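In what follows, chain A forms one complex with chain B and a second complex with chain C.
On to the complex of A and B.
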């Protein structure tokens, strides 16, 4: 009994990863701690992200039609495998809740001052649940439309902000100490690029496993260059003030002023973040319910959508006491927290699989 | 099958009904329940130390018919309140208002002289933290009280704060004073070396269109800050000198003996040079101008234009040196020379940065001006008998 009957193409995977990565930077700005050198941190972070991607795409190429849950069972055996799978599912669930809480905080702080967070989260969750219920193919097709909208909005914002940019704000290059720069670039590597590790739940439903790394790398580089544009633009428009703002992209777009007619365009940023968070949370949510279903050998993941969705909303509402705590975890705590999940589990699994001679040769040839 | 169809219909009806209740429940802003703020003034009472906030709010149904004129029909009202902190004051103002205060349309923040002397950081923090405030609002200093400036009138615009903002932006085009936005002010405040600046406004009496005396706000200088406290003021000439250096000259006139010249384009570059551990700043300026008026009563020749160009560059040099002298006197790096050194000499800057304030007034500034008169207008001969 197959849990997922849909298949997606490599191009759809590329778009899905792009949407997934932009889900992070439509909300917050990774690498912001490096000040005007944030763009350097992003370039370095992207390189490290590609190394992480190489590890987990290699793992998925060894087991082309299996998700990480099935791989774990195969490699570590029934009990140890399931324990590791639970850890991985927890990571998906946790990241999803973090994204939701950043999202709800952003909307709460900037636009819906009096709307309860629960309402914002429930509205988002209902759409995500409905998407996940329809399977991976619908999610992939949806993300194509949304990513095109998002790219258009980002390009439009950037074009309208060109007159406000000052190249001097990016100088001098490499102003911060190297160890701090590396630390920030590592944080960029884990969030958003390393998070693509959650696609280990999705790779099993993608055609042409041989092109996996090139697809993932292309998606990361494309999304990374958009991130680079946004970050450099924010620094150039805002200068040092980009450091103080909680949501610099939102603040930067405030500056758009086309002859006193086209002003107050900042709601565009909110639209962009809503649609990109939809893609990101849907992928994470899909991974979580699919993982739980495979963990318990269920026939369908659909009955899990409602309970896990509710748990996710509750967790998103309660995991952070305030915005300072939230950013402290996302920018500092997550840097170390993510390492075992993004690098540890795939790398060790890969090594153990090789030592145990898995998968057996006859299976690969078939 | 039929069951499914019925469920779908019920679902749609349910959604349609919900749609009536959901929109804008919590965050609705109704125009008739808002007090739209056009300008905010911040003062500190020197005797009691209390905060005083003055705001000018727009009365929407009066804006459309300015012909009403006379007494009674004002498009704005000016409200004053006092309190212990900025937000205490604002909350007191809100308690006495029948409408909710709405900030996103504020055009200008004005800080009174006393608050600028005591430090405006409490206000700056309050503004920056408020999610409704925008980074491109103008910042200005009042020569006495901010309340006086917001109480002045504007004969062309029935919302005075908008008139005032347009006036500051227009006068920035004549390149005597600079319009400073909140974002620029904050960036200078956050910079480790550059001193914040903001235009200073004063109130003058003028004869209005109806023959009565009216109060109008005018720029009188550029205030120079150290951190968040005002320490001095640049006059018109020094302010022009500042604008030459920071590349903010857009248009305007240069008055030299015998001629008035209109600035067409102006470019400037700050080039720091490091020789034997000593900083020298080279300011290179390139100006192209147009002869607007010539009082020499003779036909123009190339040598006359050369002479005018020379006078023009001397004038510019004089203005810049006046600004430099004033900034040395105030020990305030208004030009951003420190940032320029930082950009070019990253390593040396680490040593210079802590003592920059004292070191600043000892640096050597060399000004090089390249001027060219491109156009002479419609006539090249004098319109008078020789």
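On to the complex of A and C.
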């Protein structure tokens, strides 16, 4: 049953993926654990991320008009397929709740000190629910506007910080043990690049399946370049302080002081975070509700939006005991937790589909 | 607080359930009711001050403990 009537172009997919990836680094800066070698970790992480993308775009090219939920049922059969789909839906739901947790913590710590987290989360959830309710086309069109705003803000922040940058803060290069560098680069590969696996719920509604890998790769490289600019900028502006700060971008932009006229520009980072988290959570939210609807063969995913949104808010509120546990998960647990979902499920499904000769040739020809 | 929650959840149910019944979408009704009930019970527990287990922290501790990180 076709639950989504909308279709998006490859260009819209590209922008949507860029917005999705930016949703992570608008809040935190992945790879910052590598200190002034963070840019090396980003480059390595991007390369690993492209390998992950190759796996899941290949799977999607084999089944161009099917989501991962339908592919699982086709490849593994009704019961095992549904079990694997439940795991994948759980991952989307869980990541969405984690992003919301980080987002609400950021706003709570930096700006809205006295506002309950539940209020911040409910406001964000209602906007995301409204976006998801309008379907993938509206989400894609919205992301185009928001990504343009975000890119403009990043460029503006970087230009205004040029006077505070010190190139010496990037030296010495490769001053980090190789195993630590590889760990950090793998962490960058899983978050944000590997998370693009959620688009296995979206690819079915995109035109021209043959261009899928090139579109995803271009989006990842472009978003990765912006991440590289932000990381290098933060390192040059903050030096060692970038390592100790939980939200280094916010701290770096705080330094902007244009002749006492333009100060407190860090609120721009908060605006950027809000709009990019909106795109990221909406895509994850869309994947979750669409997944549940397909899992139970429903007529529409829309009745599920609000109840699942409420559950997401509850999970986001109770995900972590405190902020230290949150960063511990992002930097340690998630790096391994994500592997079965980002690499395991798509790779095994691709291999099993090849072995079983799926999809049948007559279906491909049709 | 709990009264507010109950009002919110009743409005949500009152808005969705008649629509699903009119369309005779029984499967949608069952899934919606299950999710709605879970959300309602957990929200009431939270508003009563009951601490829910931090699932992600438990997952993190299991992974790091298992691998001795």
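In this section, the second predicted complex is superposed on the first by the 365 of 366 C-alpha atoms of A that agree within 3 Å, B and C clash if a C-alpha of one lies under 4 Å from a C-alpha of the other, contacts with A are read in each partner's own complex, and residues count from 1 in each chain.
The rule is simple: contacts are C-beta pairs under 8 Å (C-beta built on N, C-alpha and C of every residue); 3 or more make two chains touch, one makes a residue touch a chain.
All figures in this text were calculated on a predicted structure; none of them were measured in a lab.
In the superposed model, A:307 lies in contact with chain C only, and not with chain B. Residue contacts after overlaying the shared chain place A:251 against chain B, while chain C stays out of touching range.
Of the two partner chains, chain B is the only one that A:172 touches; chain C does not reach it.
Of the two partner chains placed by superposition, only chain C is touched by A:320; chain B is not. Applying the stated contact rule after C-alpha superposition, one finds that A:296 touches chain C and leaves chain B untouched. Chain A has more of its residues touched by C than by the other of chain B and chain C. Residues 12, 16, 19-20, 23, 25, 27-28, 31-32, 35-36, 38-39, 42-43, 46, 51-57, 59-60, 63-64, 67, 69 of chain C touch chain A in their complex. Listed in rising order, the residues of chain A touching chain C in the complex are 94, 97-98, 101, 292, 296-300, 303-304, 306-308, 310-311, 314-315, 317-321, 325-326, 328-329, 332-334, 336-337.
Against chain B, the residues of chain A that register as touching in their complex are 109-116, 119, 168, 171-172, 174-175, 238-241, 243-244, 251, 254-255, 257, 264. Contact residues of chain B toward chain A in the complex are 25-27, 104, 128, 131, 134-136, 183, 186-187, 190-191, 339, 342-344, 346.
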